[in-house]
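Here chain A shows up in two complexes: once beside chain B, once beside chain C.
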Partner chain A sequence: MSEEPPTRADGAGETVESGPTPTTAGSRFGRVAVGTWLFRAGVGTVFAFLLAPIVIVAVTSFGDSMVLSLPPETFSTRWYESFLDSSRWQRATRNSLIAAVGTTVLATVAGTTAALGVRNLGGRAEGAVLGLAVLPLLVPGVVLGSSLLVFLGEFGLQQTYLAVIAAHSLWATPLAFSVVRASLSRFDPRLREAALDLGASPTRAFVEVVAPNIRSGLFAAALIAFVVSLQEFVMTLFVSGRDTRTIPVLAWNSLRNSLDPVVSVVSTLLVLVVVLAVVVGSLVVGLERLAADT
Partner chain B sequence: MCGVRTVVELDGVRVEYGELVAVRDLSLSVRDGELFCLLGPSGCGKTTTLRTIAGFESPDTGQVVLDGRTVTSLAPYARDCATVFQDWALFPNKTVIENVAFGQKMAGVGKAKRRDQARDHLDTVEMGDYEDTRPAELSGGQKQRIALARALAVDPDVLLLDEPLSNLDKRLRETMQLEIKDIQERLNTPMVYVTHDQEEAFTLADRIGVMNNGRLMQVGDPETVYDDPVDEFVESFLGNSNFLSGRVVGSGADRRDTARRAVTVEFPGVGAQIQIATESGLTPGDDLTASVRPEILELSPSPGETPTSPDGGTQEGTAERRADVEPDTTNRMALTGAVSDVVYRGSSIRYQVDIDTGEGAELSVERSVTRAPDLSTGDRVELSWDTAAVYYFGPDGARVRV
Partner chain C sequence: MSDVDTAGGVRRVRSVLQAASGGISRTKLLLVPLLLFDLLVFVAPMGYLLRISLAERSVGGGALQRGTWSLDGYQYLSDSSVVTTVFTWTMLFAVVATLLAVGIGTLYAYAAWRASGATRTVLLAGVVMSMFTTLVVKVFAARVMLSPEGVVNDTLLAAGVLDSSLLLVNNEIGVLIGQLYVVLPYTVLAVYSVLTGLDESLVEAANDLGATPVRAVREVVLPHAVPGMAVGGVIAFAWSAGAFAAPLLLGSTSERTVAVEVQNLLSQFNYPAAAALAVVLTTVVLVVLTLGIVLLRRRGGLRDV
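Moving on to the complex of A and B:
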């Protein structure tokens, strides 16, 4: 240690080759490096376990036999063809898209209006609303699903698209709300005031000034709502019917009797859609950030 | 010339934020075509007052009248006023011309027409070349101009400016002050201008309203407010005066004027007593503050005077000096002291002088460099002033007229 100050003062440390300093530094580096590598290996293992099922499903979807085997003996797109030919799967795909689009619209609008409304509350009232807003995320899907079934049944709404969208929005809205709220916290409220001051009604002020300035947040909220709806299974199982069941519900139904290789295909496609959505989303948000910073 | 028409009238306005009272019982009227400055320290309620006029705050009591119309409960977009915000609040998602045309767009004016009008307003603020620029690419001064053009473009009954220049550097600020003044005189748009900078207020204002602690202390044209402050706060806020706190030690009838009373006041800070004649009912024991402005102070080097007995002799010296001052019919107060600090401030020099007598108060004198006496720290000086030019303020801060 005592050797360091003079080397630094020199400004040309590399020429001064002092004995003890490199060795101590070297061993310290060594210990740090081992730790870093151990940490990386641990994280890598966890990720491998998390991602392995997805990889296996994707690989098996290209198999050729009725029996799921790993690795498949021969590769083919046979199950993709039967997926495209199946009217049941087409219907489920359509239902999933209807539910996802409906949930996206409902959750984004509800989440955004809630986030706008909470801004001026402040203090205890805001805390209470925030707590209530995230409550649906903490209730088990089975509980929500069964109570929704009873509740919607009262109005004859069970097994309708509305029921599915309502169930999905129950989870998507709190998430959309949180995302938009975070986005609004970076928005300068003076901009909205300036718009109102220049004669814009609150609605026009939102359309002209607020929304364009939080659009990456709105986009992220919509994306999350879309993905939540696409993959939701438990509540949908309760509230959907034959004509409204989504891909995850049909997949579960198909797997109850036998291992249907089409499920692998569907799962692979679902994962692909979600990954695409996330990539597009992060690209758009990333570009937004870049544009905002320059 | 109907200068009596008022465009903004606040009547008994009170704004509370929970426990905090931001504005209390404030009444003021702004006349057509004038530039009215609301001047006060931060937190005095001047911005809240402006926001009440704009409609962003709703008063707990009182009325807001704009151009003869009561707008107390109307939303901002239903009022014919426009605000220039402190941080300009330009819409980052819109180009310069879209920003300026925004108000007309909201009013339903067609695209071609509102763009033409916006161009005119951009020319007014000399920003015609920046139509398609985004606000993020502009400098502070340019943003300021766009904000001004955007507000002017809605042709408001009154333009509200909330410390619009406080984020600019000094030189740009002074240029912009003159430009705003120039635009105001050209367009004759009444303006309410909020600032904490007294120089800015004096440069711009036709009339100034000085605010403190949610109250409007004094309203008047700049000369009146400066020459005739009604309150100790106004006096302290408008300049760098020297305040001497004193106490009334005796009072009696004035022989010449029965309405007045002769009051003897002792200033322990400088160890001096003075007599003033006033109509206010000051009684012995009352606090009285004297404001001695730097410009009435005469500063000269002591003629060959060496410090008299540094210790012990003060008591005697004070008595001697009192005897000197009191019977003096020319009404001049003269004190001696030593220069404790000389501060160069560019075009002027400020001297701090420790007074020998009393508790050794420190007075400050500012002189422009050209007429500055050649003094350095430690020099002996004589300070004198005309006691009639001193302002006195009573225990409640109100002016005591003499």
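Moving on to the complex of A and C:
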């Protein structure tokens, strides 16, 4: 390290050639190459690690035996058939969809209105609203789940769809809020003012000027709310009941007993829905924005 | 007729509302849905949980005695050696999981940021897919993968790296790997989102000026990534301190976490103790979160958390 200041002073961009001696320069590049190679291998391993669950459930869902084996000895679609025949799983699928649609509506409306309202607040009030909006994301799911369980229990509302939607929205709303807020920050407020000056009502200005400009943000917010609801598990475990439990909860219950091949089938279908959502999302919004805004 | 009446009524109600709100602008009314929602579904239930933690435990039947005040719940926690052991283990676990998640997440985010075109898309898609896969699927697959006859052991055995299979489930390693599945995508994205604001040519400039890749990262990229790492770290810590699914499915009884213990106490109908433990856990998480924000402010690098 100590030899670097002089080389820098000698001439910009000449460091490679003006290294102390050719041999040390060579070994340094050797080390850099090994380092780069190790770095790539590490990142590749993490990538494989991240996607392995998806591959595993997809492959095991086509197995033929009662016991999960990887790779399966023979392939079949019998577990897909037993999924389609199972009233329990169909009920859970329906519950998941009801919860996801309800959460999408609630979280997108609350998140969007708040993102619009918080803009001109400024100062302390803005900080307080931001804090309150994001806070539920940082409280452990078990705590939120038990608080909802005991609180809603007082009103006999535990195990209802309302309870499940409320729980899911607790996490979906902050995300929808920050996505719409990020999208609004790219919107030029003068456009809205121009619309107001030209005599549009605030509502009309939103529908005709603001909404079209932040359309991709609104879409991403709704999409994220939908997916968050589909995958949420810990809170749902607490607040749902036999008739309202969603796919992840039923999968969890089945797994506590044994590794059930139908869980692989359901997981694969869930993953397919999510892939579809991510593909549609990145076509509309762009993957990088989807990744950066959440 | 009735239409006109209704319209007039609506107008009157609106003007009354505006008068009552004393000049509160329409923009502020936009905050009502969120505030109402958080009040009903977050603040009130959490307040109720706090109240229950201060109630007396019911002796015969029923989960608690309404209207009573007592510190029995908290007393139970400090008296129970199980709870204190579980608490210490959980905090240690959360710290290790957070450090691993931030370290690996930063490396991965850096790789995605430096990559271009298809590679970047693939790396980011991997993270987004994993983030959007339900916890249950990830933990379940981790179990299939890590079991003594699982893919990981098979591969390592076949490659001759190992002589006998490693025990990767029903112990700390399994829980840690499972928890990384939960938090890693978020730390990657938190760091990636701040890196997108950094000009890539700065790294090339550092390289041109003779910095090794490691030094360029340390002096150019890392300072810029700190706010993202802090946000990712806070998320990772909050969720690892509350880890529930990974310990239950990938650990043994000695890897019980606070969250698992809360559920245990609830199922034993010891509501005051369960609520007290939940309150203590939340307090610890929020204190760590506040410390994180304060440190970040001092560095002057706070974006919106």
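Just so it is clear, the second predicted complex is superposed on the first by the 250 of 294 C-alpha atoms of A that agree within 3 Å, B and C clash if a C-alpha of one lies under 4 Å from a C-alpha of the other, contacts with A are read in each partner's own complex, and residues count from 1 in each chain.
Here is the rule we use: a contact is a pair of C-beta atoms (placed from the backbone, for glycine too) under 8 Å apart; a residue touches a chain by one contact, two chains touch by 3 or more.
Owing to the predicted nature of the structure, the values given are computational and were not obtained by experimental measurement.
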Checklist entry - Are chain B and chain C a fit on chain A, or do they clash, once the structures share the same frame? => result fit
Checklist entry - First (chain B), second (chain C), both or neither: which does A:121 touch? => result second
Checklist entry - Of the two partner chains, chain B (first) and chain C (second), which one does A:194 touch, if any: first, second, both, or neither? => result first
Checklist entry - Between chain B (first) and chain C (second), which, if any, makes contact with A:51: first, second, both or neither? => result second
Checklist outcome for this item: In this superposition, the partner of chain A with more touched residues, chain B or chain C, is C
Checklist entry - In the superposed arrangement, does A:286 touch chain B (first), chain C (second), both or neither? => result neither
Item to check | First (chain B), second (chain C), both or neither touched by A:204 | outcome: first
Item to check | Touching partner for A:109 - first (chain B), second (chain C), both, neither | outcome: second
Next on the checklist: Per the contact definition in the header, classify A:241: touching chain B only (first), chain C only (second), both, or neither.
Outcome noted: neither
Checklist entry - Given the touch rule stated above, what does A:30 touch, chain B (first), chain C (second), both, or neither? => result neither
Next on the checklist: Quick check on the superposed pair: does A:213 touch chain B, chain C, both, or neither? Answer first, second, both or neither.
Outcome noted: first
Checklist entry - In Å, how small is the closest CA gap from chain B to chain C once the two complexes are overlaid? => result 10
Next on the checklist: Identify the residues of chain A that lie in both the chain B contact region and the chain C contact region.
Outcome noted: 292, 294
Checklist entry - Of all residues in chain A, which touch chain B in the complex? => result 188, 190-191, 193-201, 204-205, 208-209, 212-213, 292, 294
Checklist outcome for this item: Listed in rising order, chain C residues that touch chain A in their complex are 25-35, 37-38, 40-42, 44-46, 48-49, 52, 104, 107-108, 111, 120-138, 140-145, 150-151, 181, 184-185, 189, 192-193, 196, 208-210, 212-214, 234-235, 238-239, 241-242, 244-245, 249, 259, 262-263, 266, 271, 274-275, 278, 281-282, 285-286, 289, 304-305
Item to check | chain A residues touching chain C - in the complex, by the definition given at the top | outcome: 4, 7-8, 12-13, 15-16, 28, 32, 35-36, 39-40, 42-43, 46-47, 50-54, 56-57, 60, 68, 70, 106, 109-111, 113-114, 116-121, 129-130, 132-144, 146-152, 154, 166-167, 169-170, 173, 177-178, 181, 202, 227, 230-234, 247-248, 251-252, 255, 259, 263, 267, 270-271, 274-275, 277-278, 282, 287-288, 290-294
Checklist entry - What residues on chain B touch chain A, complex-wise? => result 54-56, 75-77, 81-83, 85, 87, 89-93, 102-103, 106-107, 136, 150-151, 154
